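Labels A, B, C and D are assigned to the chains in the order they are written; within every chain, residues are numbered from 1.
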(Lines give C-alpha, C1' and ligand atoms only; values in the text may rest on other atoms or scores of the structure.)
Protein backbone atom coordinates (compact mmCIF):
# COMPACT_ATOMS: atom_id res chain seq x y z
CA UNK A 1 0.00 0.00 0.00
CA UNK A 2 1.11 3.56 -0.72
CA UNK A 3 2.73 5.83 1.88
CA UNK A 4 2.54 9.54 1.16
CA UNK A 5 4.39 12.47 2.73
CA UNK A 6 3.11 16.03 2.61
CA UNK A 7 4.93 18.93 4.30
CA UNK A 8 3.81 22.48 5.02
CA UNK A 9 4.15 25.39 7.42
CA UNK A 10 1.32 25.89 9.92
CA UNK A 11 -0.44 29.19 9.38
CA UNK A 12 -1.49 31.75 11.98
CA UNK A 13 -4.93 31.57 10.36
CA UNK A 14 -5.42 28.05 11.73
CA UNK A 15 -4.80 28.94 15.38
CA UNK A 16 -7.34 29.92 18.04
CA UNK A 17 -7.26 32.08 21.18
CA UNK A 18 -5.64 29.17 23.01
CA UNK A 19 -2.59 29.92 20.86
CA UNK A 20 -2.64 26.52 19.13
CA UNK A 21 -4.23 25.01 16.03
CA UNK A 22 -8.02 24.75 16.49
CA UNK A 23 -8.71 21.02 16.34
CA UNK A 24 -11.22 20.98 13.42
CA UNK A 25 -8.39 22.49 11.37
CA UNK A 26 -6.38 19.34 12.02
CA UNK A 27 -9.05 17.53 10.00
CA UNK A 28 -8.48 20.17 7.30
CA UNK A 29 -4.84 19.09 7.37
CA UNK A 30 -5.87 15.44 6.95
CA UNK A 31 -8.01 16.54 4.01
CA UNK A 32 -5.10 18.52 2.60
CA UNK A 33 -2.91 15.38 2.71
CA UNK A 34 -5.53 13.33 0.85
CA UNK A 35 -6.11 16.05 -1.73
CA UNK A 36 -2.35 16.32 -2.31
CA UNK A 37 -2.15 12.53 -2.71
CA UNK A 38 -5.05 12.58 -5.20
CA UNK A 39 -3.33 15.31 -7.21
CA UNK A 40 -0.06 13.34 -7.19
CA UNK A 41 -1.78 10.20 -8.51
CA UNK A 42 -2.30 9.51 -12.22
CA UNK A 43 -6.07 9.93 -11.70
CA UNK A 44 -7.24 13.34 -12.94
CA UNK A 45 -8.84 14.48 -9.67
CA UNK A 46 -9.31 18.15 -10.58
CA UNK A 47 -10.42 17.45 -14.16
CA UNK A 48 -13.08 15.01 -13.00
CA UNK A 49 -14.20 17.26 -10.18
CA UNK A 50 -14.83 20.02 -12.73
CA UNK A 51 -16.30 17.88 -15.49
CA UNK A 52 -18.59 15.56 -13.54
CA UNK A 53 -18.62 16.81 -9.95
CA UNK A 54 -17.14 13.53 -8.73
CA UNK A 55 -15.04 13.72 -5.57
CA UNK A 56 -14.10 11.92 -2.37
CA UNK A 57 -16.20 13.00 0.62
CA UNK A 58 -15.45 11.44 4.00
CA UNK A 59 -17.67 8.76 5.51
CA UNK A 60 -15.72 8.68 8.78
CA UNK A 61 -12.82 10.46 10.40
CA UNK A 62 -11.09 10.47 13.76
CA UNK A 63 -8.11 12.04 15.43
CA UNK A 64 -6.08 12.09 18.64
CA UNK A 65 -4.16 15.26 19.48
CA UNK A 66 -1.17 14.53 21.67
CA UNK A 67 0.75 17.83 21.52
CA UNK A 68 -0.20 21.40 20.60
CA UNK A 69 0.58 22.62 17.07
CA UNK A 70 1.71 26.26 16.70
CA UNK A 71 1.80 28.87 13.94
CA UNK A 72 5.12 28.57 12.11
CA UNK A 73 5.58 24.86 12.86
CA UNK A 74 7.09 22.96 9.94
CA UNK A 75 5.14 19.72 9.92
CA UNK A 76 4.94 16.62 7.78
CA UNK A 77 1.85 14.46 7.41
CA UNK A 78 2.66 10.80 6.83
CA UNK A 79 -0.34 9.12 5.24
CA UNK A 80 -0.60 5.34 4.97
CA UNK A 81 -3.24 3.76 2.77
CA UNK A 82 -4.71 1.03 4.96
CA UNK A 83 -7.57 -0.47 3.02
CA UNK A 84 -8.97 -0.15 -0.50
CA UNK A 85 -12.50 -1.35 -1.23
CA UNK A 86 -14.73 -1.17 -4.32
CA UNK A 87 -15.86 2.42 -3.78
CA UNK A 88 -13.96 3.60 -0.73
CA UNK A 89 -10.51 3.70 0.83
CA UNK A 90 -9.14 4.21 4.30
CA UNK A 91 -6.01 6.15 5.23
CA UNK A 92 -4.14 6.68 8.49
CA UNK A 93 -2.35 9.98 9.18
CA UNK A 94 0.46 11.06 11.50
CA UNK A 95 1.42 14.73 11.84
CA UNK A 96 5.08 15.01 12.82
CA UNK A 97 7.34 17.96 13.78
CA UNK A 98 11.06 17.29 14.30
CA UNK A 99 10.39 13.60 14.90
CA UNK A 100 7.64 14.24 17.46
CA UNK A 101 4.16 12.94 16.66
CA UNK A 102 1.68 15.76 17.29
CA UNK A 103 -1.50 14.13 16.07
CA UNK A 104 -2.74 10.87 14.57
CA UNK A 105 -5.95 10.06 12.79
CA UNK A 106 -7.77 8.29 10.01
CA UNK A 107 -10.30 8.94 7.28
CA UNK A 108 -12.56 6.77 5.15
CA UNK A 109 -13.22 8.36 1.77
CA UNK A 110 -15.80 7.31 -0.78
CA UNK A 111 -15.73 8.03 -4.49
CA UNK A 112 -19.03 9.76 -5.12
CA UNK A 113 -20.84 12.52 -6.89
CA UNK A 114 -23.90 14.55 -5.95
CA UNK A 115 -26.21 15.03 -8.93
CA UNK A 116 -27.45 18.66 -9.00
CA UNK A 117 -30.60 18.99 -6.90
CA UNK A 118 -30.24 15.49 -5.40
CA UNK A 119 -30.46 15.09 -1.63
CA UNK A 120 -28.12 12.10 -1.49
CA UNK A 121 -24.69 11.33 -2.86
CA UNK A 122 -24.17 8.47 -5.25
CA UNK A 123 -21.25 6.07 -4.69
CA UNK A 124 -19.02 5.27 -7.67
CA UNK A 125 -16.40 2.54 -8.19
CA UNK A 126 -12.85 3.74 -7.51
CA UNK A 127 -11.14 4.65 -10.79
CA UNK A 128 -8.66 1.96 -11.83
CA UNK A 129 -5.64 4.27 -12.03
CA UNK A 130 -6.33 5.62 -8.55
CA UNK A 131 -6.83 2.09 -7.17
CA UNK A 132 -3.48 1.03 -8.63
CA UNK A 133 -1.78 4.11 -7.19
CA UNK A 134 -3.24 3.57 -3.70
CA UNK A 135 -2.43 -0.15 -3.56
CA UNK A 136 1.15 0.07 -4.86
CA UNK A 137 3.81 -0.59 -2.19
CA UNK A 138 5.67 2.65 -2.66
CA UNK A 139 6.43 6.01 -1.12
CA UNK A 140 5.66 9.40 -2.66
CA UNK A 141 6.15 13.03 -1.66
CA UNK A 142 3.49 15.71 -2.13
CA UNK B 1 -25.36 12.49 33.05
CA UNK B 2 -26.49 15.62 31.23
CA UNK B 3 -28.10 15.62 27.78
CA UNK B 4 -27.89 18.88 25.87
CA UNK B 5 -29.74 20.05 22.75
CA UNK B 6 -28.46 22.80 20.49
CA UNK B 7 -30.27 23.87 17.30
CA UNK B 8 -29.13 26.05 14.42
CA UNK B 9 -29.47 26.67 10.71
CA UNK B 10 -26.64 25.39 8.51
CA UNK B 11 -24.87 28.21 6.73
CA UNK B 12 -23.81 28.43 3.09
CA UNK B 13 -20.36 29.36 4.45
CA UNK B 14 -19.91 25.80 5.73
CA UNK B 15 -20.52 24.07 2.39
CA UNK B 16 -17.98 23.06 -0.26
CA UNK B 17 -18.06 22.60 -4.03
CA UNK B 18 -19.69 19.20 -3.51
CA UNK B 19 -22.73 21.21 -2.37
CA UNK B 20 -22.69 19.77 1.16
CA UNK B 21 -21.11 20.70 4.49
CA UNK B 22 -17.32 20.18 4.31
CA UNK B 23 -16.62 17.48 6.89
CA UNK B 24 -14.12 19.37 9.13
CA UNK B 25 -16.94 21.87 9.66
CA UNK B 26 -18.98 19.07 11.26
CA UNK B 27 -16.30 19.04 13.97
CA UNK B 28 -16.85 22.80 14.25
CA UNK B 29 -20.51 21.95 14.90
CA UNK B 30 -19.49 19.49 17.63
CA UNK B 31 -17.33 22.24 19.13
CA UNK B 32 -20.25 24.66 18.88
CA UNK B 33 -22.43 22.23 20.86
CA UNK B 34 -19.81 21.91 23.61
CA UNK B 35 -19.24 25.65 23.76
CA UNK B 36 -22.99 26.26 24.01
CA UNK B 37 -23.20 23.66 26.81
CA UNK B 38 -20.30 25.34 28.65
CA UNK B 39 -22.01 28.71 28.35
CA UNK B 40 -25.29 27.25 29.65
CA UNK B 41 -23.58 25.74 32.71
CA UNK B 42 -23.03 27.65 35.97
CA UNK B 43 -19.26 27.63 35.29
CA UNK B 44 -18.09 31.01 33.96
CA UNK B 45 -16.48 29.70 30.76
CA UNK B 46 -16.02 33.07 29.04
CA UNK B 47 -14.90 34.89 32.19
CA UNK B 48 -12.24 32.28 32.92
CA UNK B 49 -11.11 32.11 29.30
CA UNK B 50 -10.49 35.86 29.41
CA UNK B 51 -9.02 36.09 32.90
CA UNK B 52 -6.73 33.04 32.96
CA UNK B 53 -6.69 31.61 29.43
CA UNK B 54 -8.19 28.34 30.68
CA UNK B 55 -10.29 26.42 28.19
CA UNK B 56 -11.25 22.96 26.97
CA UNK B 57 -9.15 21.80 24.02
CA UNK B 58 -9.90 18.39 22.50
CA UNK B 59 -7.71 15.36 23.12
CA UNK B 60 -9.65 13.16 20.71
CA UNK B 61 -12.55 13.44 18.32
CA UNK B 62 -14.27 11.24 15.79
CA UNK B 63 -17.26 11.32 13.50
CA UNK B 64 -19.29 9.26 11.05
CA UNK B 65 -21.21 11.10 8.33
CA UNK B 66 -24.19 9.10 7.16
CA UNK B 67 -26.09 11.67 5.12
CA UNK B 68 -25.14 14.97 3.44
CA UNK B 69 -25.93 18.22 5.27
CA UNK B 70 -27.03 21.19 3.17
CA UNK B 71 -27.12 24.97 3.52
CA UNK B 72 -30.42 25.96 5.09
CA UNK B 73 -30.90 22.69 6.96
CA UNK B 74 -32.42 23.19 10.41
CA UNK B 75 -30.48 20.76 12.56
CA UNK B 76 -30.29 19.82 16.21
CA UNK B 77 -27.21 18.45 17.92
CA UNK B 78 -28.01 16.08 20.76
CA UNK B 79 -25.02 15.87 23.07
CA UNK B 80 -24.78 13.20 25.78
CA UNK B 81 -22.15 13.47 28.48
CA UNK B 82 -20.68 9.95 28.63
CA UNK B 83 -17.81 10.09 31.07
CA UNK B 84 -16.41 12.66 33.51
CA UNK B 85 -12.86 12.24 34.85
CA UNK B 86 -10.63 14.39 37.07
CA UNK B 87 -9.50 16.73 34.29
CA UNK B 88 -11.42 15.62 31.21
CA UNK B 89 -14.87 14.68 29.98
CA UNK B 90 -16.24 12.78 27.02
CA UNK B 91 -19.37 13.64 25.04
CA UNK B 92 -21.24 11.89 22.25
CA UNK B 93 -23.02 13.92 19.54
CA UNK B 94 -25.82 13.20 17.07
CA UNK B 95 -26.78 15.74 14.42
CA UNK B 96 -30.44 15.31 13.49
CA UNK B 97 -32.70 16.88 10.84
CA UNK B 98 -36.41 16.05 10.87
CA UNK B 99 -35.76 12.89 12.85
CA UNK B 100 -33.00 11.66 10.50
CA UNK B 101 -29.52 11.21 11.98
CA UNK B 102 -27.04 12.92 9.63
CA UNK B 103 -23.85 12.50 11.63
CA UNK B 104 -22.64 11.02 14.91
CA UNK B 105 -19.42 11.59 16.78
CA UNK B 106 -17.60 12.08 20.03
CA UNK B 107 -15.07 14.37 21.67
CA UNK B 108 -12.80 14.11 24.70
CA UNK B 109 -12.15 17.55 26.19
CA UNK B 110 -9.56 18.43 28.80
CA UNK B 111 -9.63 21.42 31.13
CA UNK B 112 -6.32 23.13 30.46
CA UNK B 113 -4.49 26.36 29.98
CA UNK B 114 -1.43 27.25 27.95
CA UNK B 115 0.91 29.57 29.85
CA UNK B 116 2.16 32.34 27.49
CA UNK B 117 5.30 31.17 25.68
CA UNK B 118 4.91 27.56 26.87
CA UNK B 119 5.13 24.77 24.33
CA UNK B 120 2.78 22.43 26.18
CA UNK B 121 -0.65 22.79 27.74
CA UNK B 122 -1.18 22.23 31.42
CA UNK B 123 -4.09 20.06 32.58
CA UNK B 124 -6.34 21.43 35.33
CA UNK B 125 -8.96 19.73 37.52
CA UNK B 126 -12.50 20.20 36.22
CA UNK B 127 -14.20 23.05 38.10
CA UNK B 128 -16.71 21.70 40.64
CA UNK B 129 -19.72 23.58 39.27
CA UNK B 130 -19.03 22.30 35.76
CA UNK B 131 -18.54 18.75 37.04
CA UNK B 132 -21.88 18.91 38.82
CA UNK B 133 -23.57 20.29 35.73
CA UNK B 134 -22.13 17.58 33.46
CA UNK B 135 -22.95 14.70 35.80
CA UNK B 136 -26.52 15.73 36.63
CA UNK B 137 -29.18 13.49 35.06
CA UNK B 138 -31.04 16.24 33.28
CA UNK B 139 -31.80 17.73 29.90
CA UNK B 140 -31.01 21.29 28.82
CA UNK B 141 -31.50 23.36 25.67
CA UNK B 142 -28.84 25.68 24.24
CA UNK C 1 -34.25 51.10 2.02
CA UNK C 2 -34.31 48.19 4.48
CA UNK C 3 -32.31 48.13 7.71
CA UNK C 4 -31.65 44.70 9.15
CA UNK C 5 -30.40 43.64 12.60
CA UNK C 6 -28.78 40.29 13.26
CA UNK C 7 -27.42 39.32 16.71
CA UNK C 8 -25.19 36.44 17.75
CA UNK C 9 -22.53 35.35 20.22
CA UNK C 10 -18.95 35.31 18.93
CA UNK C 11 -17.49 31.82 18.96
CA UNK C 12 -14.08 30.70 20.18
CA UNK C 13 -13.76 28.98 16.79
CA UNK C 14 -13.48 32.39 15.09
CA UNK C 15 -10.53 33.64 17.16
CA UNK C 16 -6.82 33.37 16.42
CA UNK C 17 -3.65 33.18 18.52
CA UNK C 18 -3.86 36.95 18.98
CA UNK C 19 -6.90 36.20 21.15
CA UNK C 20 -9.30 38.12 18.90
CA UNK C 21 -11.49 37.34 15.91
CA UNK C 22 -9.31 36.63 12.84
CA UNK C 23 -10.23 39.37 10.39
CA UNK C 24 -11.38 37.20 7.43
CA UNK C 25 -13.98 35.82 9.83
CA UNK C 26 -15.43 39.33 10.12
CA UNK C 27 -16.30 38.98 6.43
CA UNK C 28 -17.94 35.69 7.34
CA UNK C 29 -20.04 37.72 9.80
CA UNK C 30 -20.98 40.16 7.04
CA UNK C 31 -21.97 37.18 4.92
CA UNK C 32 -23.97 35.76 7.82
CA UNK C 33 -25.90 39.03 8.08
CA UNK C 34 -26.75 38.99 4.36
CA UNK C 35 -27.73 35.32 4.44
CA UNK C 36 -29.99 35.97 7.44
CA UNK C 37 -31.56 38.92 5.61
CA UNK C 38 -32.12 36.76 2.51
CA UNK C 39 -33.78 34.07 4.62
CA UNK C 40 -35.99 36.68 6.33
CA UNK C 41 -37.16 38.07 2.97
CA UNK C 42 -40.13 36.66 1.04
CA UNK C 43 -37.71 35.41 -1.65
CA UNK C 44 -37.10 31.66 -1.30
CA UNK C 45 -33.31 31.84 -1.04
CA UNK C 46 -32.69 28.26 0.12
CA UNK C 47 -35.25 26.73 -2.24
CA UNK C 48 -33.73 28.49 -5.25
CA UNK C 49 -30.19 27.69 -4.17
CA UNK C 50 -31.12 24.00 -4.11
CA UNK C 51 -33.30 23.94 -7.22
CA UNK C 52 -31.28 26.09 -9.61
CA UNK C 53 -27.95 26.83 -7.90
CA UNK C 54 -28.70 30.56 -7.94
CA UNK C 55 -27.13 32.61 -5.16
CA UNK C 56 -25.55 35.93 -4.28
CA UNK C 57 -21.75 35.88 -4.53
CA UNK C 58 -19.84 39.05 -3.64
CA UNK C 59 -18.34 41.31 -6.28
CA UNK C 60 -16.66 43.56 -3.74
CA UNK C 61 -16.24 43.79 0.02
CA UNK C 62 -14.36 45.97 2.46
CA UNK C 63 -14.00 46.42 6.18
CA UNK C 64 -12.39 48.58 8.86
CA UNK C 65 -11.69 47.00 12.24
CA UNK C 66 -11.62 49.58 14.98
CA UNK C 67 -11.70 47.41 18.11
CA UNK C 68 -10.88 43.77 18.82
CA UNK C 69 -13.76 41.27 18.97
CA UNK C 70 -13.51 38.47 21.53
CA UNK C 71 -15.01 35.01 22.04
CA UNK C 72 -18.22 35.36 24.03
CA UNK C 73 -18.98 38.88 22.81
CA UNK C 74 -22.68 39.47 22.20
CA UNK C 75 -22.72 41.50 19.02
CA UNK C 76 -25.30 42.93 16.66
CA UNK C 77 -24.73 43.54 12.98
CA UNK C 78 -26.71 46.49 11.65
CA UNK C 79 -27.04 46.16 7.89
CA UNK C 80 -28.28 49.03 5.73
CA UNK C 81 -29.26 48.43 2.14
CA UNK C 82 -27.58 51.29 0.28
CA UNK C 83 -28.19 50.68 -3.40
CA UNK C 84 -30.24 48.25 -5.47
CA UNK C 85 -29.45 47.77 -9.15
CA UNK C 86 -30.81 45.44 -11.84
CA UNK C 87 -28.71 42.45 -10.83
CA UNK C 88 -26.82 43.55 -7.75
CA UNK C 89 -27.25 45.30 -4.42
CA UNK C 90 -24.94 47.01 -1.98
CA UNK C 91 -25.14 46.84 1.81
CA UNK C 92 -23.26 48.59 4.61
CA UNK C 93 -22.57 46.80 7.90
CA UNK C 94 -21.75 47.91 11.44
CA UNK C 95 -20.83 45.39 14.13
CA UNK C 96 -21.77 46.75 17.55
CA UNK C 97 -21.22 45.52 21.13
CA UNK C 98 -22.83 47.44 23.98
CA UNK C 99 -23.14 50.54 21.82
CA UNK C 100 -19.50 50.45 20.69
CA UNK C 101 -18.83 50.06 16.96
CA UNK C 102 -16.21 47.30 16.55
CA UNK C 103 -16.13 47.05 12.77
CA UNK C 104 -17.73 48.60 9.71
CA UNK C 105 -17.83 47.39 6.14
CA UNK C 106 -19.73 46.89 2.93
CA UNK C 107 -20.50 44.27 0.34
CA UNK C 108 -21.75 44.31 -3.24
CA UNK C 109 -23.69 41.14 -4.03
CA UNK C 110 -24.81 39.95 -7.44
CA UNK C 111 -27.64 37.57 -8.18
CA UNK C 112 -26.00 34.83 -10.21
CA UNK C 113 -25.69 31.16 -10.88
CA UNK C 114 -22.80 29.04 -12.06
CA UNK C 115 -23.91 26.46 -14.63
CA UNK C 116 -22.22 23.10 -13.86
CA UNK C 117 -18.84 22.89 -15.61
CA UNK C 118 -18.89 26.59 -16.56
CA UNK C 119 -15.85 28.72 -15.79
CA UNK C 120 -17.81 31.94 -15.32
CA UNK C 121 -20.86 32.94 -13.34
CA UNK C 122 -23.95 34.25 -15.07
CA UNK C 123 -25.66 37.36 -13.70
CA UNK C 124 -29.43 37.23 -13.20
CA UNK C 125 -31.98 40.00 -12.58
CA UNK C 126 -32.82 40.44 -8.91
CA UNK C 127 -36.07 38.60 -8.08
CA UNK C 128 -38.97 41.06 -7.69
CA UNK C 129 -39.93 39.99 -4.18
CA UNK C 130 -36.34 40.39 -2.99
CA UNK C 131 -36.05 43.79 -4.69
CA UNK C 132 -39.22 44.96 -2.94
CA UNK C 133 -37.95 43.69 0.39
CA UNK C 134 -34.57 45.38 0.02
CA UNK C 135 -35.99 48.74 -1.11
CA UNK C 136 -38.76 49.02 1.51
CA UNK C 137 -38.11 51.66 4.17
CA UNK C 138 -38.43 49.37 7.13
CA UNK C 139 -36.51 47.63 9.88
CA UNK C 140 -36.34 43.87 10.45
CA UNK C 141 -34.67 41.54 12.94
CA UNK C 142 -32.91 38.32 11.96
CA UNK D 1 9.01 49.47 -2.16
CA UNK D 2 9.04 45.66 -2.08
CA UNK D 3 7.02 43.49 -4.47
CA UNK D 4 6.39 39.96 -3.28
CA UNK D 5 5.12 36.89 -5.18
CA UNK D 6 3.49 33.94 -3.48
CA UNK D 7 2.12 30.94 -5.43
CA UNK D 8 -0.12 28.08 -4.32
CA UNK D 9 -2.78 25.65 -5.45
CA UNK D 10 -6.36 26.48 -4.47
CA UNK D 11 -7.82 23.84 -2.20
CA UNK D 12 -11.25 22.20 -2.38
CA UNK D 13 -11.57 23.15 1.32
CA UNK D 14 -11.84 26.83 0.34
CA UNK D 15 -14.78 26.41 -2.05
CA UNK D 16 -18.50 26.71 -1.31
CA UNK D 17 -21.66 25.18 -2.76
CA UNK D 18 -21.46 27.72 -5.60
CA UNK D 19 -18.42 25.71 -6.73
CA UNK D 20 -16.00 28.63 -6.30
CA UNK D 21 -13.81 30.02 -3.53
CA UNK D 22 -15.98 31.51 -0.77
CA UNK D 23 -15.06 35.20 -0.71
CA UNK D 24 -13.91 35.52 2.94
CA UNK D 25 -11.32 32.88 2.04
CA UNK D 26 -9.87 35.34 -0.49
CA UNK D 27 -8.99 37.50 2.51
CA UNK D 28 -7.34 34.41 4.00
CA UNK D 29 -5.26 34.32 0.81
CA UNK D 30 -4.30 37.97 1.28
CA UNK D 31 -3.31 37.12 4.85
CA UNK D 32 -1.33 34.13 3.59
CA UNK D 33 0.61 36.42 1.25
CA UNK D 34 1.46 38.84 4.06
CA UNK D 35 2.43 36.03 6.43
CA UNK D 36 4.69 34.52 3.74
CA UNK D 37 6.26 37.95 3.18
CA UNK D 38 6.83 38.37 6.93
CA UNK D 39 8.48 34.95 7.12
CA UNK D 40 10.70 35.79 4.13
CA UNK D 41 11.88 39.03 5.73
CA UNK D 42 14.85 39.24 8.12
CA UNK D 43 12.42 40.08 10.96
CA UNK D 44 11.80 37.04 13.17
CA UNK D 45 8.01 37.02 12.84
CA UNK D 46 7.38 33.57 14.33
CA UNK D 47 9.95 33.97 17.11
CA UNK D 48 8.44 37.27 18.22
CA UNK D 49 4.89 35.98 17.93
CA UNK D 50 5.81 33.17 20.31
CA UNK D 51 7.99 35.16 22.70
CA UNK D 52 5.97 38.36 23.09
CA UNK D 53 2.65 37.78 21.30
CA UNK D 54 3.40 40.61 18.87
CA UNK D 55 1.84 40.32 15.43
CA UNK D 56 0.26 42.24 12.59
CA UNK D 57 -3.54 42.38 12.81
CA UNK D 58 -5.43 44.17 10.04
CA UNK D 59 -6.94 47.61 10.54
CA UNK D 60 -8.61 47.63 7.13
CA UNK D 61 -9.03 45.34 4.17
CA UNK D 62 -10.90 45.37 0.90
CA UNK D 63 -11.27 43.26 -2.22
CA UNK D 64 -12.89 43.12 -5.64
CA UNK D 65 -13.57 39.71 -7.13
CA UNK D 66 -13.65 39.84 -10.90
CA UNK D 67 -13.60 36.15 -11.82
CA UNK D 68 -14.41 32.93 -9.95
CA UNK D 69 -11.54 30.95 -8.41
CA UNK D 70 -11.79 27.16 -8.51
CA UNK D 71 -10.30 24.21 -6.61
CA UNK D 72 -7.09 23.16 -8.33
CA UNK D 73 -6.32 26.62 -9.73
CA UNK D 74 -2.63 27.44 -9.65
CA UNK D 75 -2.58 31.07 -8.61
CA UNK D 76 0.00 33.69 -7.77
CA UNK D 77 -0.55 36.59 -5.41
CA UNK D 78 1.43 39.69 -6.35
CA UNK D 79 1.77 41.90 -3.31
CA UNK D 80 3.02 45.49 -3.57
CA UNK D 81 3.99 47.41 -0.47
CA UNK D 82 2.32 50.79 -0.96
CA UNK D 83 2.93 52.75 2.20
CA UNK D 84 5.00 52.29 5.36
CA UNK D 85 4.21 54.37 8.45
CA UNK D 86 5.55 54.39 12.02
CA UNK D 87 3.45 51.45 13.22
CA UNK D 88 1.57 50.25 10.17
CA UNK D 89 1.97 49.37 6.52
CA UNK D 90 -0.33 49.05 3.55
CA UNK D 91 -0.12 46.43 0.80
CA UNK D 92 -2.00 45.90 -2.45
CA UNK D 93 -2.70 42.38 -3.74
CA UNK D 94 -3.53 40.88 -7.12
CA UNK D 95 -4.46 37.21 -7.50
CA UNK D 96 -3.53 36.00 -10.96
CA UNK D 97 -4.08 32.70 -12.85
CA UNK D 98 -2.46 32.27 -16.26
CA UNK D 99 -2.13 36.03 -16.66
CA UNK D 100 -5.78 36.70 -15.77
CA UNK D 101 -6.46 38.87 -12.71
CA UNK D 102 -9.07 37.08 -10.58
CA UNK D 103 -9.15 39.38 -7.58
CA UNK D 104 -7.55 42.55 -6.28
CA UNK D 105 -7.44 44.01 -2.82
CA UNK D 106 -5.54 45.75 -0.08
CA UNK D 107 -4.78 45.48 3.61
CA UNK D 108 -3.51 47.87 6.27
CA UNK D 109 -1.58 46.00 8.95
CA UNK D 110 -0.47 47.36 12.31
CA UNK D 111 2.37 46.04 14.44
CA UNK D 112 0.72 45.31 17.77
CA UNK D 113 0.39 43.00 20.69
CA UNK D 114 -2.50 42.20 22.99
CA UNK D 115 -1.39 41.96 26.62
CA UNK D 116 -3.07 38.92 28.24
CA UNK D 117 -6.45 39.91 29.69
CA UNK D 118 -6.41 43.32 27.97
CA UNK D 119 -9.44 44.42 25.99
CA UNK D 120 -7.47 46.52 23.51
CA UNK D 121 -4.43 45.97 21.36
CA UNK D 122 -1.33 48.09 21.80
CA UNK D 123 0.40 49.52 18.71
CA UNK D 124 4.17 49.10 18.42
CA UNK D 125 6.71 50.75 16.14
CA UNK D 126 7.55 48.68 13.09
CA UNK D 127 10.79 46.74 13.68
CA UNK D 128 13.69 48.32 11.79
CA UNK D 129 14.64 45.20 9.83
CA UNK D 130 11.06 44.74 8.68
CA UNK D 131 10.77 48.41 7.72
CA UNK D 132 13.94 48.13 5.65
CA UNK D 133 12.66 44.97 3.98
CA UNK D 134 9.29 46.51 3.13
CA UNK D 135 10.72 49.75 1.77
CA UNK D 136 13.47 48.22 -0.37
CA UNK D 137 12.83 48.47 -4.12
CA UNK D 138 13.15 44.80 -4.84
CA UNK D 139 11.23 41.67 -5.76
CA UNK D 140 11.06 38.48 -3.71
CA UNK D 141 9.37 35.09 -4.06
CA UNK D 142 7.59 33.31 -1.20
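As a convention for this text, a residue touches a chain if its C-beta (ideal position, glycine included) is under 8 Å from a C-beta of that chain, and two chains touch if they have at least 3 such contacts.
All values derive from a computational prediction rather than experimental measurement.
Listed by label, the chains that touch chain A and also chain C are B, D.
With every chain reduced to the mean of its CA atoms, the largest distance from chain D is reached by B.
By the residue-number overlap criterion, the interface of chain B with chain C counts as same, with over half of its numbers used by both chains. Taking the mean of the C-alpha atoms as each chain's centre, chain A and chain B sit 23 Å apart.
If you average the CA atoms of chain A and of chain D, the two centres end up 27 Å from each other.
Between the CA-based centres of chain B and chain D the separation comes to 32 Å, rounded to the whole angstrom. For chain B, residues touching at least two other chains, in rising order: 12-13, 17-20, 24, 28, 31, 49-50, 53, 55, 70-71, 116. Across the complex, chain B meets chain D through its residues 12-13, 15-20, 22, 24, 50-51, 53, 70-71, 116-117. Chain A makes touch with chain B in their complex at residues 17-20, 22-25, 27-28, 31, 49, 53, 55, 57-65, 67-68, 70, 114, 116, 119-121. Interface residues of chain D, counted against chain A in their complex, comprise 9, 11-13, 28, 31-32, 35, 39, 45-46, 49-50, 55, 70-72.
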